[in-house]
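There are two complexes below, and they share chain A, which is joined by chain B in the first and by chain C in the second.
Moving on, here comes the complex of A and B:
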């Protein structure tokens, strides 16, 4: 037998084995995915995110801070005090701050300008843990819940919005850190998962919509409600990148990129996740 | 003071369906903190629900119940517009009582 013949036979066997393996993988994966979907559906009815939403609504209406005013004068994009549907259009450019802002950054802006908090005080606890609760997470929970069912419509009209989108796209594909990772390493291919979690392909419309419209979410494993700023912060940690600074230009750029890609889908959060 | 519960109650064919979401740490007393010290147990020990002064549910809970627990139950004979009261008490003696109108 010639070497080339041996090689081709060997290749055939190898290809067959790969096919068997992938068929097996697909069935194992889909049943695990179905089970997770079933688990989520069971939990959806009693989503503890509602507890954060209730607290957030109170915080929005309460007179707080050195100036003792409520956040009802805060304009999060649709006019002062308008909450309904506002999240589905964020991030966007705000002329009074001359920058693109996401919801969390805008809330901090209002806490500083309206209520008179110092920036340090307003951002002291952006992510809560146990009894150290985060007001920002609660406010975000309530405001996002007021956009449930609203179709995502993040515009790129202003130059700074376009700039943010382009910077976000660059960041999404930027490889770095000790593992030479990029967001796209895990989120640019369909059918990938990490352990049993599906990884949405954020470069496709469907994946981008599924990924973006289900945050914020109550994380059962943490017993906390997590916002999109937290999601990005934790993605950076998982990539072993330098810590993503809360409300930083790059965090808003990435959010703009992902939110705009989700346009056209109905917003469906606060959700519940494992 | 603990956060209020979220209670929804609705009657259908003479059966009232009650859904309760409670805000509680439900600390088991088995976990250790970053310094290696035991985190003291803190969990809801008893839950009861009353309708017009009559107890329709009484439960004894322990540390196996999850954080921010969700409870759903049914009882017969409730009328639309009446109130259901839910009370919990934890192992530190803290109490919370909330009510909902049957829809």
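Moving on, here comes the complex of A and C:
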């Protein structure tokens, strides 16, 4: 979804408000903003992410793949099969793979090493679209839901975790592409907006906590549950960069940078967003 | 603390900073980092990997907003970008403000999901307040409401405005605004139309 598309969604609300408040003044805009806040509050009534969570729990427990085993032997950081609270400590270094991994890359690792899927098969559909559902999004929905309310605590103990954080920070400020955009173009100052969309300042604690702890999210405008790998992928599309490779070193580095910056806040996803 | 002690302390800090720079600071993007970055992306449609090759302005400006770019670097970025501005051969700088308004409202262009045959937009409203009627505007850039009314439409102002859209970094190193002409985002005619949107007395920007 492009920036322009999400603007038009807000414009529907905004235009309706202009018709009511036909005279332009600051109040027309603040009432449009209030209206959006009301819309967001209404969304909180029910979250279709639960459908992804239920499917994800089944997928975790089912015997699947060429080796016909479940993922219950998968160690996502707190020991084999331990799901509760695990996401609030990711990404982290895993000695068996000798690299820092986020939840999605760790799940793929387990699908390959435990269940016997090829890497290509395990990553064939990392982002779902309509009837082409993504198992990885479902698994991510369920596992992240098991960290709801858990305080974020992403450690930088291992050298590779520190390296990932530093690289993520550099990438955050890396300008490129025809528009000269970096992550920081939109996310390094407080109180800024694109159209009427508030932008979290991800370089300070409060903004990073607000931004990071509300992904994955069910996106009403797309009818899909989206993971943090998707969030980064789509940011770079809008930055006019080439496509971010799923599970790539930069994707893990940026996630480490942002997740660590969110430490201390209660994890609060899967969320629901416009 | 005495002035002398203060002076000593600052000399000490400077020495530390210099030592840090000599051994490559933590925040410097190294050749190895660039390799990792390139390996983490794949080309998709019009978005090729060469979009990750930074020009000097992009390299010098890859810093947090809280960090001030060195004066000499800022001057170099501005000079380099100023020299890149190409003014229209026909000498006309103001086009059609109505077309300009369409360009200002549109955000498509240059994303790998965009059709390269469709003209790009300028997406001005994403970051700037411009007209009275459009209340859905962003705040990354300053308000441009009444831009022309406040400045007039002299030839100098037309040249400045056209140049500022063509390449904002000619006037403000590391500006967040895309270099719309320099990087071939907008065509010459589109740049004229957006210039008119800002300056034409009939434009909604100046009502």
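Here, the second predicted complex is superposed on the first by the 238 of 274 C-alpha atoms of A that agree within 3 Å, B and C clash if a C-alpha of one lies under 4 Å from a C-alpha of the other, contacts with A are read in each partner's own complex, and residues count from 1 in each chain.
Just so we're on the same page, contacts are C-beta pairs under 8 Å (C-beta built on N, C-alpha and C of every residue); 3 or more make two chains touch, one makes a residue touch a chain.
This is a predicted model, so every value here is computed, not measured.
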| item | value |
| --- | --- |
| Contacts of A:248 with chain B and chain C, given as first, second, both or neither | second |
| Partner chain(s) touched by A:238 [first = chain B, second = chain C, both, neither] | second |
| Greater chain A contact set [chain C / chain B] | C |
| Touching partner for A:182 - first (chain B), second (chain C), both, neither | second |
| Contact residues of chain A, present in both the chain B and the chain C interface | none |
| Chain A residues touching chain C - in the complex, by the definition given at the top | 2-4, 7, 10-11, 14, 17-18, 24, 28-29, 32, 166-167, 169-171, 173-182, 184-186, 188-189, 191-197, 199, 203, 236-238, 240-245, 248-251 |
| Footprint of chain A on chain C - complex, ascending | 26-29, 33, 36-37, 39-44, 47-49, 51-54, 57-59, 61-65, 106-108, 110-114, 121, 123, 125-127, 132-133, 135-140, 169, 176, 178-179, 183-185 |
| Residues of chain A that touch chain B when the two form their complex | 43, 45-46, 48, 50-51, 54-55, 130-131, 220, 223 |
| Chain B residues touching chain A - in the complex, by the definition given at the top | 3-4, 6, 19, 21, 23, 25, 66-68, 70, 72 |
